[in-house]
Structure formats: structure tokens, C-alpha cells
Amino acid sequence: MKKIINDPATVVVDALHGMAAAHPDLLRVQTDPAVVVRADAAVHGKVAVISGGGSGHEPLHGGFVGMGMLDAACPGPVFTSPTPDQVQAAVTATDGGAGALLLVKNYTGDVLNFETAAELAAAEGTEVRTVLIDDDVAVKDSLYTAGRRGVGGTVLVEKIVGAAAQRGDDLDACEALARRVVAGVRSMGVALTACTVPHVGEPSFTLADDEMEIGIGIHGEPGRQRVPMEPADGIVRHLLDPILEDLPFVEGDRVLLFTNSMGGTPLVELYIAHGIAERLLAERGITVERRLVGPYITSLEMQGMSLTVLRLDDELVELWDAPVHTAALRWGV
Amino acid sequence: MGCSVEGVVAALRSAAEVVTAHRDELVELDRVIGDADHGENLKRGFTALVSKLDLSEPPATPSAALKLAATTLISTVGGAAGPLYGTALLRAATSVGDAAELDAAGVAAALRAALDGVVARGKAEPGDKTMVDALTPAVAAAEAAAASGSTVAEVLSAAADAADEGAASTVPLVARKGRASYLGERSANHLDPGSRSTALLLRSFAESAGGGDR
Amino acid sequence: MKKIINDPATVVVDALHGMAAAHPDLLRVQTDPAVVVRADAAVHGKVAVISGGGSGHEPLHGGFVGMGMLDAACPGPVFTSPTPDQVQAAVTATDGGAGALLLVKNYTGDVLNFETAAELAAAEGTEVRTVLIDDDVAVKDSLYTAGRRGVGGTVLVEKIVGAAAQRGDDLDACEALARRVVAGVRSMGVALTACTVPHVGEPSFTLADDEMEIGIGIHGEPGRQRVPMEPADGIVRHLLDPILEDLPFVEGDRVLLFTNSMGGTPLVELYIAHGIAERLLAERGITVERRLVGPYITSLEMQGMSLTVLRLDDELVELWDAPVHTAALRWGV
Amino acid sequence: MGCSVEGVVAALRSAAEVVTAHRDELVELDRVIGDADHGENLKRGFTALVSKLDLSEPPATPSAALKLAATTLISTVGGAAGPLYGTALLRAATSVGDAAELDAAGVAAALRAALDGVVARGKAEPGDKTMVDALTPAVAAAEAAAASGSTVAEVLSAAADAADEGAASTVPLVARKGRASYLGERSANHLDPGSRSTALLLRSFAESAGGGDR
């Protein structure tokens, strides 16, 4: 394992200190329990939008803390959901009197820990709502399973709901909006290489030089299917086709296209994939009105990518375009 | 002979040792069909528990000891296992009430409460390839043993035996709950890490109880 | 070689098309010869700030084209400097009547090609100046060598000089400012893994699991020295100490600290390194007033990082803070 | 017998073939002490040159052919080699003036002009581990051969022999110019890719001239 770290046991806390040093104007970091909080929290009268999950997906979620997006993020250990204490501390630090909305990626661990925290926070008098994000079309959804995972769509939900909370929408409206965005967003990912969890020290799986793993999540877990490597055209189709068929996205739809690196795939490859996806969408008569290209929800140093497509309407465009000032996304300010 | 609060604390400490000793094994099981953190998560939680037991006032009752374990695991483990084991211990603590000593029936009832807690939280059924597959037969075995007049140590030993078998039974299963479910068919032919840790925990309780000659 | 590409021969042009698709509001792409041009070029009366070099360093330089930074970028093939035709086309497309400033990383190939272009552009009546960027302290400077390479400092020069041109500084002022920034900036990099140039298909060098390469450039070339892997503390010292000794940076200095990923090193590691560098600078009484953390000048998928330190004064801070709107850097707008 | 414009064009086409055939070798040499593009760069440039020769009016004079090669390489090669070889050819074109045929002395003079161009642009001296280490002895050998009454083919052949030796002489050198110089001492014990391509180009010219029986 080759990483720029001091000690696998302190990776998260060391990174949080570095993050605090890098963005003193944007955020504060607490380490016991670990929470990243918007510098000017609590914002009076504003719904607190809070997310979190295992670390190793940077910039998610800490990099999205700031004006117009998250009020706080709860970073668990690498690929391990945070504890209820962290979520509770986040609620306490950001409670502006208008309630808190927890945006939770749908993993059993995240769901259970956030649920527990929500119960505890409610008991202390803060109104708390939870919305699960489950946009990964690689996972078959069913009543009898854990359901779909939350992946790339998370970034878009956080931005859009963050903007609504910033403009003053109340808790009901923020919750409804979050559910609406979740309903209209779909994602799928591919890995070219595995990643190495620091406390494990060896890759989560091994892929031959001519193989790729389709339908991966964001926790270094193997995907649904191992297939031979293909040129970028084929890779993009593997991701985009199931996304489009799932919702489905149809001719005339207006969408946001988010082309994401899993961490180790550089921008030059990402732009190639993005260009292909734009072309395929245009061929289907789907209009790309907004885009995001870069490493925004990652799996450590994994090489690979994901595509996320969100159906847009005027309100979502407006909220996407609204000013945001975080470490990883910034515009309008 | 029943199990006093000292016995419960000793059992928790022995669980911490076992979890630490098997940390790598549990990580490896989770690496193959999950996200490679189960052993690390439990080690972190039980290590925190031992620190609390070392530093704070000793708990006054079995229930207090179980509750301390529950809240510590909930605060420090994270992942799926944190809330699940935390809830299990919390329900067990409630089940034993303010008894100063646990008898065999009390232990069996606590295990039943623990299982109910895990199912209430996680909504897994037997056959979903989770810790429930180890805990369900363990509870049945514990209840049978208690009904037939076994000691606490014998009850726990029967539970551990059944949990071992239950864990082994997860190998061929296709996961329907937890992270392994994302693998679909590829989750088959692997041991579920949570069922393994359940079996390890029950074995450590049984050995702690047996060693203490209870 | 595992990459999300269609064909090694079309990597640059495919990525340019993807980039154009991703940022239609910011930039236009020409492909014969290849140039990335600010969407609203030529800006009348404004000095055109132009840079370029081999591709494979994304987002450099195309990702810095836009308001407040570059007017155009000339992307060569991967790790190969562009030709004079590209530079000439960039000058033609951006000439607003106030002359053009070419910001050139000091590599023989880049220098010769930009020099030739400058002669040709001058012959066509555009006033053209060239400033060489040579901030890499890993290379011993001497009259008898090719001199130091341009690395991380390039990003800072482009931002600061771009801001000056945007506010209306004339060619003399922009050139003088560029020289001043170059004089005050120093960098050094380390590689944990090599990268694979698409047309080569195998890594540029091989490193054992317990080795790292210190003093690398940005072209996948081996570095000055191969040493055993170290924890993050040691890695950061290897980079920071020679930087600080070189200028030298001394107690009381105000600086910008730029912690850069070589492409494959994820943000979590970068923040750890950044935190260490901040601490070491604080220990020396050097005040970090601005920071930049992320993958901004990369070597394809190489794992590794570089540190860049720039001495600040009030004017440089003001120009750094000035609005910028590009694909990779955006604030104030 | 001198070398007509057809001879120059044939030599350029044969250079393109040689560069393409040795593309991987030159990439590999540059991978070790540079950035792994020298062969790719030259192949791109000479392929473009062949397209131009195929598609446009044939050049009227040796000088026009050399100038076309120069501008094409400058526009398509990039890197250090593009401007250096481009300048070399440009200076050679100027040196031959409007002669319809090149004789041995003219070829030697053109090579001298090419070397001067490379040095003017790149400021490298012999011993810096660059193409100058191949071109310098090649020019000297060409001049000596021309002075002693050799044919054009013999002049080029002498130049190619000397360039081979000159290229080989770069192996022990520590680079002071070009990318290899960043490696410091580690650049020693490797052949400089540019000196190798210079030797290859001169050999292809010599063989083209010899095969044409000039």
C-alpha cells in the first residue's frame, strides 16, 4: 500500500485537520466526535442540511459544506458510516430553529446510524427529517433487499436541496424537494482498478489488465459484473444505457449530466467519457442543460468513473445555478 | 449458579479480546463480499468499551453493564454492525431488568430480546445471509438448554454451537440484506462476516462463563 | 494500460471535444490546429494571456481558460509541446489589440516552439512577449543546462497575470508581473507511481512498493532521486525543505501554499499532506494567507503530489482573489 | 552525379519509412531518460510530410523540397525535436539556394548549415548528450569526404557512419541539455534518443542516395 499518510488509524482525523487548515473561511472541524461544520453555523431560521457517511469519498461530504449546500457533514472512518453521536453533534451545531434534514445514502449502516441519531435529536426537541438517496441502477431494487445504494446522485441532491434551504425553504419543502430530486436521478459506475482501504493495506479486489468491474458502488466493493475492458465508447454505453432505461429518460427530457471520477481516473479520460455521453444523449433527443465533470464522489484512489443523470425542470435548474461556496463546488460568489 | 455483574463484565472483556484476535479474519471476510471494515469496526468499538470499563465506575448490575456496552458500541462502531449489536445489547439490558444475577432462563430471554432487537432494526430474515442466521438458531438452542435445566455456561455454550452452525449455513446463501446483497449471485460461497462475529461473541461469552465456573 | 479512451492517437482531440461539450459557456475549441479559446475572445483592448504545453496535465492549461485567467491554451500531444502553428492560432484568435503575453513552462521543446511562434506573430504585427516559468527546485539551475522546469508555479502565474490582464494592465505591466511571480515561486514534486503515456502503453518507469521518486517533473519522467517510501510527514519535508531553502522563504513571509495532486492521489491524502505543510510553515513563522488544494497540474494518472510556495504581497493577494471563471478555478462570479 | 529534387524527395520518403520503423525504439530510448515521445513525434511529423508530398504539387527544387519538410516538421512534430530538425532543414534549404542538383560539396555545406541551425536554436555543445553529438562529427566527415572527391552517396554514407559513432558516444555522458538533463547523473549510461534519430536519418539519406546510384 502506497499512500501519503502517517498512520492508517489517523487518516480521517489528519485529513480533517488539513481540510480545516485549507478552508478556514468555509468550515470548522470538530474531531470528537468528527463533524465538519459550516463556518457561520448555526444559521438562524434556516433548515440545517446535513449529510455524512464513510470517509474515502472526498470531496464528499465535507467538501460540500458551506453556503448554499451542506450545513454539516459527518465523516465516518474510511468506508464506514458515522455513528449517531456524530450526527447528533452535527444537528446541535447547525440547529437554526427551522429543523434539520438528513440526506442519507441508502446503505444499511448509514440508514441505521442516521435513524438512531434522528430519534435522539427528536427527543431533544429538534425536528429532524431523513431522506434516503438510492440512485444506483446497478442494484436491483426490491422490497426484500437493502435496496439501491446512494452514489453520484448524492452530490446533486446536496447541491439542490442546499440551495433551497439557503433561499429559505422550510423543512417540509426541503424534504419534498429532496424526494423529488431522488426520484429523478440515476447513476452507474465502473472500476478499472480496485482501491486499498488504509486499515486493510491490500486492494479490495483484483482485476486483470483486461478486465473492468461494472456496477460498482463507492466502497471499494466488487461490482455486479466483471467484463473485458472496452474502449471508452463501450464503457460509457455500459453506464448510460441502464441509467436511461431505468427512469426512463426519454426524448425531450432536459437533464444534468454528471461525469464523475472514482478518484484515480484523471480529467483527460473523464472529458473523453463526458464527450461520448453528451453525444449519446443528443442522439436520443435528450438535452443536456447542465453538467458537472470531475472527481466529486470517489473511492479513494480507485480508477474508474460513474455517470449520473438528473431530470431537470426550471426550478431544479434555478436551484442548481444558485450561488454555492464550498471547498469543492463554488459559483455565484 | 447465576451470572453476576462481574461475570457480565468479564464476558464483555473476553469478547473484546476475541474480537481483537479475529480482527483480520473479519476484515478479510468483509473484504471479499463487503467493504473490508467489519473486524476493524468491532475492534474499535470493543476497545472503546474496555477503556470505559477500565476508567469509569464499575457498573452496578448486569443490566447496567450491558447498557454501557450498548451505548459504547453505538457511539464507536458505526456501519451496520454498530447499531445492530448496540440494539441487541440494549434490548438484552432491558430484558434482564434490575436482576443482580442472571440465571439460565434470564440469559436465554436476554438472547431472545437481542435477536428481536436486531430483527426490528435490520429487518433481515433467516436466509438473508446476515448475523440473524447465526443468532436465530443460537437463541433457539439457548432456550432449549435453559428449559432442560442447563447452567448459564451450558446455555451459552449451546448458543455458541448453534451460532457456529448458523454462520456456516450462510456460506451458500445469496445475500438479500447488507452490503453483500449488491453482489447478487456473486455473494454465494462466502461466509457472512456478521454471522461469524456473532458466533465468535457467543463463544467468548460461553467460555468466559465456563471459565468462571458458573 | 487501462484507460477510458478510444484510441491513443485521438486522446487529445477526444478530450477537447468533451471539454467543449462540458463548458460551452466558457470556451471554444479549435482542433486544427488544436487551441482552446475563451468563449468571448478576442476581448477588445485586453492583453491576451496565452499558455500551453503538452497534454496530460489537465486541468492545465485548458481548464484555466476563461474570464480572469487565460485567453487561450495550446494543447500539444500528451507530454509533447505544441507547435508554433497552435500558438499562432491562439494569438490570432485572442488578439484584442493590446498584445499577447505567452506564459511558457521552461522546457526546451516548449521554449523553442513558443519562440518560433512569437517571431511569426511579431512578423504579423502583434506585439508578443514571452515569460518563462521555471519554479522546480529539484533541478539545479545553471547557465550551461536547460535550466529549471516549469511546474506547479505555472498555475499561480496564470491566475495572477490573468487577473492583471483582466483589470486592464498593459503588456509591459503584465510581463513585469509575470516575471515577479516567477521570481517568488518555488515547487517540488514526488511520485509514488509512474504514469502511462497512451501512445507508449507502458509506465514511464517502475517503482517498487517501498520506493518513491523525489524531484519529478510533470512529464512522467523519472525524478532526481529514488528513496524509500516514508510517512506523509517525511514526504512533505522532502518537498518543503528544499523549496524554503531555495528562495529562501523566511520568518515573516506571507505565502500562498499550493498542494497539488499529480492526478492519481486522492483528496484525502492531499489534505493530510496539506495539513502537515501548514504546520511546518507555521513552525517557521511563515504565514499561509492563501491556499489551493487539488489536482491542478497533473501527470495523467500518476500518484504523487507537489508543493508550491509563492511569496505574497498585497497586490498579489488582490490579484489572486480577483474573480476568475474557468473550468477548474472559479470564484467571485 | 548530383542529387536532383527527385533524389531529395526520395530521401525524405525513405527517412519517413525509417522513422516509422524505428518509432518504438526511439520512444523507448526517450522513455528511459526523457518523456517517451521522440519516436512518436518524428513519426507524426514525417507521416504528415509524406501526405503533403503525396497530395501537393511536387516541389520544383531541392531547396523547395527541404523547405516543405522544414515547415511540415515545425508544424507537426512539437517537442524539442520539431523546431530543431525544422530549423536544420530550413537552414539546409537556404544553403542549397536555387540549385537544381546538389553535388557532394553542396550536400556537405547543407549539413554544415543544418548543424549551425540546431546549435543556434538549441545552444547545445558537443558533449551535452544531444543530437549535436551525432551531427557534429557527421558534418566533419561529410566535409572531409566531399573535399576528397566523394560522390553524394559517399558523403552521406561517411556522415552516417560518423553519426552512428557520435550517437554511441552519448551513452556515457551526463546530459546538460534537453529533458535528460533533469535526471542529473542518472542520465549517464543511456543512448540519447535525438542523436540516435539523427544517425538514422542520415543513414536513410545515404541509402536512398546510394540506391538511386547517385
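Chains: A, B, C and D, in written order; residue numbering restarts at 1 for each.
As a working rule, a residue touches a chain if its C-beta (ideal position, glycine included) is under 8 Å from a C-beta of that chain, and two chains touch if they have at least 3 such contacts.
Going by UniProt, the chains are A, C = phosphoenolpyruvate--glycerone phosphotransferase; B, D = Dihydroxyacetone kinase subunit L.
Being a predicted model, the structure only gives us computed values, none of them experimental.
Look at where the CA atoms of chain B average out and do the same for chain C: the two points lie 55 Å apart.
One finds 29 Å separating the Cα centroids of chain A and chain C. One inter-chain figure worth recording: chain C and chain D are separated by 32 Å, centre to centre, where each centre is the mean of the chain's CA atoms. The mean-CA centres of chain B and chain D are about 77 angstrom from one another, to the nearest whole unit. Within chain B, not a single residue touches two or more of the remaining chains. Shown here, the protein chains touch in a chain-like sequence that does not close on itself.
Under the contact rule stated at the top, the pairs of chains that touch are A-B, A-C, C-D. Here chain C touches chain D in the complex through residues 33, 54, 76-85, 107-109, 112-113, 115-116, 138-140, 144-146, 149, 197, 199-200, 204-205, 217, 219-222, 224, going by the rule given at the top. Residues of chain D that touch chain C in their complex: 27, 31, 33-37, 40-41, 44, 74-84, 121-122, 176-179, 181-184, 186. Those residues of chain A lying in contact with chain C across their complex are 1-7, 11-12, 14-23, 55-56, 58-59, 63, 192-193, 209, 212, 229, 231-233, 235, 259, 263-276, 278-279, 288, 291, 293, 295, 298, 300-301, 303, 305, 327, 330-333.
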